[in-house]
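The structures come next, written out as structure tokens.
In what comes next, chain A is part of two complexes: it sits with chain B in the first one and with chain C in the second one.
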Partner chain A sequence: MTVPLTAYLVVAALLFAIGVYTVVAQRSAVMVLMGVEVLLNAIGLNVVAFWRFTAPTDYSAQVLAILVVTVGAIEMAIGLALVLLLYRQRRTVEVDAYTDLNG
Partner chain B sequence: MMAAFDILAFGACSFVAVAGALGMATTMSMFRSGIFLMASFIGVAGLFILLSADLIGLLQVMMYIGGFLVMILFMVLVMHDPGGAMMAGMELSPLERWFSKGLVPRDEATSAGQDDPASGEGRSHAGNRHEGHAMPHGEGRHGHARDHGGGAMPHGAHGGHAEHRHADHQHGDGGHGGMDMSMVTPVRPLAAWLAAAAGVVLVGMLFLRPAWPVTDAVPDPDSARRVGNLLMDKYMVAFEGAGFLILIGIFGAVLLARPSTHPDDPSRAAKAAVDAKPEAIRDDRLAPLAEAGGAPEPEHHGSHHGHEDHVG
Partner chain C sequence: MTALLAIPLLPLLAAVTALAAGRRLPWGGGELVVAGVALSLVALALVPAGATMTVTWFESGDYRLTVGLAATPLTRFVAMVVAGVAVCVATYGVGYMGGRPDRPRFFAELGLFVGAMLALILANSLALLFAAWEMVGLASFLLIGFEHAAPGAAGAASKAFLMTRAGDVGLLLGWLLALAATGTTDVDALAGAVEAGRVAPGAVTAMALLMLAGALGKSAQLPFSAWLPDAMVGPTPVSALLHSATMVAAGVFLVLRLDAVFAAAPLAMAALFWVGAVTAVFAALVATAEADLKRVLAWSTCSQLGEMMVALGLGGARAAAFHLAVHAAFKSTLFLAAGIVQERAGTRALDRLGGFLRALPLAGAAFLVAALALAGVPPLSGFWSEEGILAVASQHGPGAGALVVLLVLLGGTYIGRAGTAAFLGRRRDRAGTGKTAWTMRAGTLALALAAAVLGWLLAGSLGALLPFEADPGAEVSLRNLGIAAGLLGLGIGVARGRGGSPALGPWPARLAAGLSAATAAPARWTTQLARRLGPLEDALDAAARRVAGWTWGAGEAAGRIEVRGFARLGDGLAAWLAAGGERLRALQAGRLYLYTLGLFAWATAALAAGALLLWP
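Then we have the complex of A and B:
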């Protein structure tokens, strides 16, 4: 392993920071969902990197990564269905237009 | 030789991953954002394969690119202004170029962390460098947001013009009347600072942390078989739970996306055919019809020529 663990973690941290920026700064709900995908990617990268470097004989980490991907898929489907519904009702996907949903 | 290849592959994959995510976050066109996101996914899949988690890498490509991205692009096509054409007229290109320049310091920090793994001093140096570069980042975004507001102003005034809105019905429909058309919210500088702070804190924590208990053990090259056995044996409940979650999630998504059956629902009203004359277009900004009458003749001439050429 010529590439150290820290390098992978740095890449994951950068991806996480970009994901946070996207989630906060983007105006369209679809772009916010894309940012969430980048966050999930960063998490998966962290999990797999730690698996490879600290416990390569225990494959539980890969199971966890698979579950993260699964939950991400569900989140995506529900999120896009919600966006579609809101778009149909209000003709806009901008999250700023949904502030009246704030109960 | 092998080591050089490892470093090269890691550098390429991480560059694709980070640059793709950065492009996704900063480009003005939603469709391009989706394509950048695909590049980022591919980069992360490459990193997974480098980490000898082949199964996760392939799953990444299949799930994220084959599934999510198709969903996202499908959603984007429904959106208002998916290609960012409205942004084209605003003076953004130099600032966007500024953003692509902003890629360099981050990658320097990454490669610095990769080049000197052992020396703690080198690491803290890289951390400082990253921090030093991250600050102008935030400021640049500050400037961008301010400029952006300025660029959006004339457009808002434009949209406020009642006649123009009638002629340009598409704009009014999107509910974007007098607002600026950017894809980002006014809190963008704040978000940039927040993201820079998160990145600096995470990277700083990495460099402050003493070494992890890294082992030299090599995973089974046939890791997919081991993962499958674990899924069917030790994590059976989690596996079944995930399956149930998918089932419920798909039910929920279908229920949400289905048009409502309530008669007063606007989604139903939109589907009904309306037997009314459309509004007349007052100013379509085309040439008067008198000139259009003379047009067919030269066209015929041209086609005749083309035919002759074809025969010759």
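Then we have the complex of A and C:
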């Protein structure tokens, strides 16, 4: 049996909803970053699923998926570095403690 | 060329130097003026005939204004007469003004007078001629009013200035018209244009009549005569110079200089003749009844100038120029002799003079010679020039000839009366027996000599000096009639003149009073008008001040609007923007979840809007 496209999309939507909730509701900067990663992966799942079911011969979608993963990795590296620096400075990873970083 | 330039400049230079350094000189600057004018005379003799020097003053479009001097036969001749008389009169003036502390001012003004007159005569540009003309007027004003503390001097000076100025307006308009018609101020160019018929006849007539007004004012012809007798309050050398060579001669000279223009305007020639004739007869009649020695001579000048105008009006330019020179010689002699008498007697009133022939033989002899010359007794100078005028007049008919004979008769009468009253009879004055300065005697003697022989010389061997073409001789009968008239006039004058009573009864004196009143009336009107102009001017002043006040107020209001309106508006806008910025800042709270929520809400809204729009 094949898994239909809708199933993939539902999973991706769930993942996206979890990611949004994590980013909005979590207080820890690390958890916010993880939420962002979930969001990215939800998009990636969407991209791969649409590729597989609409244009399996076109590999540009795979390239896009690899690009999303790469961007996610880089984003994570920079994000973790920032959080580490902030933690060293303020001894906390609570994002509410960083409100004085506004413009 | 340098010599030409030096002629008018030397007296002017002498005048400036006399004013600056006259106080330290033994003759008070008089020697400078005498030397300056004498050097001009030398320069005049040296300057070649036909020498000209012209520079362009400025050009504007088609108009070219030049300034320059020219030594034509006419200008050389008249300039020689002026300079010659001026040397003698200035020499006389040195003695006349001897010892007075204000001498330098006198000599400076005298030098200005002579220099301006020489510039006027030599000018070949109407602009320069006019400027010099005005300078002559100014110098005469200063000199007539020299004794400004004396009663009447200031009034007489203003009268002379204003009356000649009334005529000068005519000259100004005339030369501006000439400039408009020919595009240049050059006198020769004007004459050429008029002769070639390039100027409309109406314009030529208007030009000639306007310039005639200037000439009449300067030469004291009717109706501008009244200033000349009043100018007698000036020092005697001034009177002598003013009446012979410098001031009044300018009017006659102007007509001579613009001969071509006048010749082309018959109306102006007729006006010249009639004004000259009326003035000559009128002034001669007044002179027979005048009670003041110098005023007799002044009216005589008016009359003689009228005679020149008659000759000019009849086309006798040569005769007029001849008479101008001769008249300058004998009239200045008469004035200088009268000045010597006045100095001795302390008065000029004819009824208080008398018997000076014995006390002042030289002045008496000079006066006698000049008086005989005026009466046209041969072989003295007046005979020759009056013969010339008689010839011109008799050619134009018996009326004009009779007029000149009448003028000679009247001339003999008034001068015979004046001479008799002053020199014959017995002494009636109480003055002492002072000594006349040698310079005064030298100046008088030189001019008397000129009065005696100048006519004979110019009629004979020096005739080439006279400008204009020679005329054929006078008819013998009229010549004899002229001599007879002169002698008869002298006889009448001598017979009735003893004691200074009027020669022809007192009625001519009323003529003078009438003229005086007639010229005083316009002056009074003008004064009243000027007084009335005062309030008008005040009103204009007030109006101008009010306008200025309004402008000031408007400026103030504009400033206030700027401060209260625009500035406040700008401040308000800036404050509002700042407050808006503050309010917007509140959105930037630094809370990550708010940012994320905003982001997702915005993305959702955008997607929903897009879906609704794209829904088929």
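One rule holds in what follows: the second predicted complex is superposed on the first by the 102 of 103 C-alpha atoms of A that agree within 3 Å, B and C clash if a C-alpha of one lies under 4 Å from a C-alpha of the other, contacts with A are read in each partner's own complex, and residues count from 1 in each chain.
Just so it is clear, a contact is a pair of C-beta atoms (placed from the backbone, for glycine too) under 8 Å apart; a residue touches a chain by one contact, two chains touch by 3 or more.
Nothing here was measured: the structure is a model prediction, and the numbers come from that model.
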{"item": "Three-chain arrangement built on chain A, chain B and chain C clash or fit", "value": "fit"}
{"item": "Contacts of A:G44 with chain B and chain C, given as first, second, both or neither", "value": "first"}
{"item": "Which superposed partner A:A25 touches (first chain B, second chain C, both, neither)", "value": "both"}
{"item": "Chain B versus chain C as contact partner of A:N102, first or second or both or neither", "value": "second"}
{"item": "Partner chain(s) touched by A:A7 [first = chain B, second = chain C, both, neither]", "value": "first"}
{"item": "Superposed model, angle subtended at chain A by chain C and chain B (C-alpha, nearest 10 degrees)", "value": "130"}
{"item": "Closest Cα approach, chain C to chain B, once both complexes are overlaid on chain A (Å)", "value": "8"}
{"item": "Common interface positions of chain A, toward chain B and toward chain C", "value": "20, 24-25, 95-96"}
{"item": "Complex contacts: residues of chain A adjacent to chain C", "value": "20, 23-25, 32, 95-96, 98-103"}
{"item": "Touching residues (chain side chain A, partner chain B) in the complex", "value": "1-11, 13-22, 24-28, 30-31, 33-35, 37-38, 41, 44-45, 48-57, 59-60, 62-63, 65-67, 69-74, 76-78, 80-85, 87-93, 95-97"}
{"item": "Touching residues (chain side chain C, partner chain A) in the complex", "value": "585, 588-593, 596-597, 600"}
{"item": "Residues of chain B touching chain A in the complex", "value": "2-3, 6-7, 10, 14, 17-18, 21-22, 24-25, 30, 33-34, 37, 40-41, 44, 47-48, 50-53, 55-56, 59-60, 63-64, 67-68, 71-72, 75-76, 78-80, 106, 109-110, 113-114, 117, 123, 173-176, 182-185, 187-188, 190-192, 194-196, 198-199, 202-203, 206-207, 212-220, 223, 226-227, 230-231, 234-235, 238, 242, 245-246, 249-250, 252-254, 256-257, 259, 266-267, 270"}
